[in-house]
């Protein structure tokens, strides 16, 4: 087996565009070959990351969520002990609808009432009766509810459930009712909260944002969940809704005003640094100001730059691993 | 590249063997080929194969084993304590290999002499820099033990390569000599060659078994993990499929199985009649020119990427169906049976279109192979062509047609893109073909490529699904084999 | 004796009429089936072409660039290491200057600042420039003419995809920039021409859709198809011959037979799992390599070829085998000389369908690392073609279709056109061969 | 010819069933049948004799348009069945073939059971009202084909598993099952032993009472035994056609004589 | 029997070429050949006669193991060729078939050109050193098959486009082209006219000078004309085997007599 000479990256499809922009620029500006950035999902990437240490394993895993405790354990079992966690910024999650349709100003409550399997009516849990947005909120037009939300494979779904549905559940007081119904079990109540209706009003999208967009094109009533970067590239077809009164933008997300967002990461296998040519340079380049800063190409493409970028740069430079030992 | 030249030499030897063997056989028969047991070329082939096959096999094994042995030898040179924490000997070894390759390249490019490469000391020279000049990038400065290991690695590889060349050449010559010596007019060359070929045929057939074993093994382990985390009763007998990120998901195969069957059946209901009628028309009615155009054109349908079909389902077929079965008063039928564009019917129809050539092309070939005498017999009794086709030709072509349909069904079960875009991603039991549903295969793909923790049951369920599907289709295939056996009609 | 069958031949009896009607219906079903198939083909192909043809054209901006020494080689000694230290970001001002110069030269009035003017160009421009400078350090200090790619929105504007209405909220381009584009088009600085790089080039990142091409992934597919053809066809035919002609009829053969048809039903992603486990983790072959992709696709294609080959071997009448055996041919000779040629059409059909499937498959490639951003260079040898990281056409298309910029969407369809052309080229040979082997007996 | 004048059954006065006028047949470029004129009478057995390859089968296949199935085969001239041109566009070859049945030179049983082989024709022509009637037709036909005794216990085993001669008789049974008005038999006894041959000849004689039979044979004895009229073909030409007795005892053409006496082949 | 005592060529003293000892053949459950013992002599023509379906073809196919190709067929007993059991495991059926050639009952030309049909055997057995020799073999074989004149101008057109009788002769030519020591002919003249038949019979006579020929025929005359030994089969039994003259003039078994005189079928 010939020695591998390029950095190998795999993981999240959300991080992929950013990683590929970096990889491309890295290849252009360094003497190292362009890194290979595979997509395939955060979990698949981490799985391959944790398969062990060695040339036939990947060097970097992209993830649209933080690595889980269980995964760190699995990693360690396979000998991958020193992992450098790098947070590169945030992904804003926005709600958008057809450009020529009605505009919306949502709150989490609206979404809970629109999509939950059961809602509270007069303090009783009933099957969700809402058919149109006007049923949900008197201020909304009588447009049929048709939501295209990320499928259960997507990390975005988790964020949507946590920050929108669950928040709405609590706001409407349904959470308490669920808790009661489940004998005070909070976990069960949460599970009940995030159970969505299956009557076709809420459609899981397993594909990508392009599919969500295509669905909205074929059903003008549809409202979809998108990444901020995707929306910004398709402003000619989509209009964005506000959430709790805030318009999503890189700025409003960076300040934390806009609530629905998630951090993006990549993980570096420390043992590979010094062995795989260009690995450290790639990691440093990724988080450099030129690239990941607020004026860099990543932010230009839609990444919400991390306000604590300097700290991250330092951590990468010193190869600080998770758990502290460097 | 020595391997390349070695292979080339082997081929040359084997070609020479062919002619020499052939000649020797002819000579032993006094130039009269009729006295030979077999055709002269069989003697040639015998020598050629005897020289080539064992040598190639040895070469292949050597190429697999030598790096392992060298790795082991060299890695023993690396002191335990120099391996930094978190790293492994394997990783150091890849560094060693990279340096060794770099040195090879440097020598090849003339940037270094053999001598220099052998005696280079990292204490005294900047190895990384010198290799960098010739375009070999290294991750870090070269440590002395790595450099020394790399040099040993090179020496061992060189020795190994020489030994390999010698051994392979010996085996080749041995095979050559042995078979050449055996070449005599009474030698049963044809039988030997044919036995060799038969062995190759068996090898090819057993590859299928190996693949199956590989598939089962590559899924079994993770499936076991899954069942240790999730109850098997829920998986096999539960009624809900609802993975979520907090764990404690309902992961039952039943709704997925239902969706798989439903969509596949609809797809086959589209593909089989259309495909069969197309095949019949092409082979029994169409003119030669029509056939020679229509058949390859239909075959393009099988090659259009499924993402196109997915979009076609989502943007064209789905909305068209909605216009029929949905939209209330505004719809064509004035009913409100269908809200979204995605449905079992959408995906099934589009998948059916994709599968048309699977049925049509293969069936056409098989129907075409039914002897004309069968048709004559029927036509001579005053049957119409369609009667002939239905009652005589089709039964005779049945095994092939079943094969084609099975192929289409298999493809329908394995399809993902069309289902994702055309049928939706919600698992449910419903008889209504206008509902969205999903299939086992799409769930395998999405759970494998999703964001759930890779050690969680939500991800591992993909393996259990894969294995269960494997067993289910196995059952279906046994059934199909039984049916074909029962109804097969042999002509002639 | 009255005529039993009735009257004149010229008058059809009722029963004949009925049967003829059935016959006509049957035939009509056949025609209808073919018509449906072909109609769908036409619909799909027209959709593909109408959406994808645009990708073969691209907008370029021609500029004279002054390669300022103080920016590119501060020390002025043309040391390559120094020159390389200037990153693509460092080239931005040079490009900005060039645009400004051009605009001033043409006397176009615009409220735009230099940065926004340079925004008309692709981000690829800096890379093009840097590459040129490193290859020709002597040109530093001179003014050189370049043809740069225009940014995807500008390209979309010229292609009609982007309009002044649609960019209202778009922060990638503004109305003023479009005014400038109009002026530059009038001055022939911006033009839309055929784009060979789309066919020959490599992938580009999300930030520069205009630079992305299919070429490298096409080579990836080509190498994979070589592997598939070189392995699946001989192995498949050999296995079928063994099973159909030589294997004793026993439970073992039955198991193999059922196994093979079952493999056909294994979802392609499972072959990816297998490939990852066997070829990459166990045999340590490199990831993202067309060789591994080819091996996985071979395993996936084998059942298709075996099933069709077996079906057509079965269809050869036994009297042909008898005839050959009767003159003293061995079974092997009877099969290879007589049966196999007669079964060739079916084998080729299986190959056509199997290869079409293999060519269009992405799911297994996902697991062996061929899907994603793999912008490697075109391979320079067969070994590197097989072993160095590459993508494949369908994977490339699939990636493009997911990307945010609508320009990628057009490229995805353009890629499908290339894929289809590739497929048809590949099939043509097989179709011609198949026609030569077709005969009735 | 449409009136019913055929009450008397002497050989001479049978009305014409099939009339062929200057028929030519080509296989691609090769001219297989050259300007043949022949009249085949009703209630008569006509024998076609001639050396192998002279065009007997080809001409026979013209009579029920089985030639249509050979791509390269081209027929000119008219063939009239009961005065109607069978190559007329309005004629449905299917109806024609139901009236003009055929037993092929090479036995070609369907890959079906023996029963289904015979029942096939009656089924497609709707000759049986129910299963019992069909059973009866099958039995009767197999008896007429002189094969009933051999196959009555294995009616449901495949017709392809029969011996050569059995297959031939099965094909005869299959052809008579549809009760055609004209039966064309291409060497129906070639694979049969003398006794079976005699039984088939008996069948032919029986058929003659109602129908017209054309038989190709290489056996002069057979021709002499069963036929009333004989046609002698040579190299695609119809050399001589006349009452069987006359052809065999007193041929007009020297070629006929040579053939009958065994001198040309 | 292995010494060369066969210098004299009277019928009685020919050495045994093939000896079959208590051969039984089953098709699945049905017992097609029942305990047959027969000795086929060298340089002799042996005729197999018997009613259709009595097992002649089946037994013939045993002699060169063509039965191997029928799945359900099972053979017991020994058949010795020159004293060697042909069902022995060490025997290569291929080599056997090269020595024991066969003409099948149903003509089965390859879907190839006439030339290739005939040249196939010589090619795989390496009987010709070069193209010229092969051409010569092909011509000679076609001449022996009495079909040369008819096909000499169309050697490269497909063998399947021949008439029934021509196909049969082509198959004969194909079989003799490989010069087998024993030639098994299953009704080789069934589709032939008397002249062609006479030519084939001449061929058989010629072959007899060097080889052994077994011929299945339904024509008593033919059997009487060409064979020296005759075997009569009936319902799977070998009823009688002896010199042809004796069988036809003075059969021992009443069944033989009935058959020859045309009473059982």
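The chains carry the letters A, B, C, D and E, assigned in the order they are written, with residues numbered from 1 in each.
Throughout what follows, a residue touches a chain if its C-beta (ideal position, glycine included) is under 8 Å from a C-beta of that chain, and two chains touch if they have at least 3 such contacts.
What you are looking at is a predicted structure, and each value in this text was computed from that prediction instead of being measured.
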Touch-network distance, subunit B to subunit E, counted in steps: 1
Steps needed, at minimum, to go from subunit C to subunit E via contacts: 1
Maximum centroid distance from subunit D, chain identifier (CA atoms): A
Chain pair with more C-beta contacts, B-C versus A-B: B-C
Chain nearest the global centroid, as defined over all protein CA atoms shown: B
Between subunit C and subunit D, centroid-to-centroid distance (C-alpha), Å: 60
Chain centre separation (subunit D, subunit E; CA means) in Å: 30
Separation of subunit A from subunit D, taking each centre as the mean of its C-alpha atoms, in whole Å: 82
Whole-Å separation of chain centres (CA-atom averages), subunit B against subunit D: 56
Multi-partner residues of subunit C (each touching 2 or more other chains): 19-20, 23, 318-319, 330, 342, 366-367, 401, 441
Per-residue overlap in subunit B, given as positions that touch at least 2 other chains: 190, 372, 384, 387, 448-449, 490-492
Where subunit E touches two or more other chains at once, by residue number: 94-95, 106, 124-125
Every chain pair in contact, whichever chains are involved: A-B, A-C, B-C, B-D, B-E, C-D, C-E, D-E
Subunit B contact footprint on subunit E (complex, rising order): 92, 94-95, 124-127, 129
Subunit C-facing residues of subunit E, complex: 64, 66, 69, 71, 93-95, 97-99, 101-104, 106, 108-111, 120-121, 124-125, 160, 171, 174-175, 177-178, 180
Of all residues in subunit B, those that touch subunit C in their complex: 190, 194, 197-198, 200-209, 211-212, 214-215, 217-219, 273-278, 280-282, 284-286, 292, 294-309, 312, 316, 353, 356-358, 360-362, 364-366, 368-372, 384-387, 389-390, 397, 399-400, 403-404, 406-407, 409-411, 413-414, 416, 440-441, 444-445, 448-449, 463, 466, 469-470, 473-474, 476-478, 480-481, 490-492
Residues on subunit A engaged by subunit C in the complex (per definition of touch): 1-2, 4, 6, 8, 10, 13, 16-17, 19-21, 23-25, 27-29, 31, 33-34, 36-40, 44, 51, 56, 58, 207-210, 227, 229-230, 232-237, 239, 290, 297, 300-302
Subunit E to subunit D touching residues, read off their complex: 27, 49-53, 55, 57-58, 105-107, 146, 150, 154, 161-166, 169, 186-187, 190-199, 218, 220, 259, 262-265
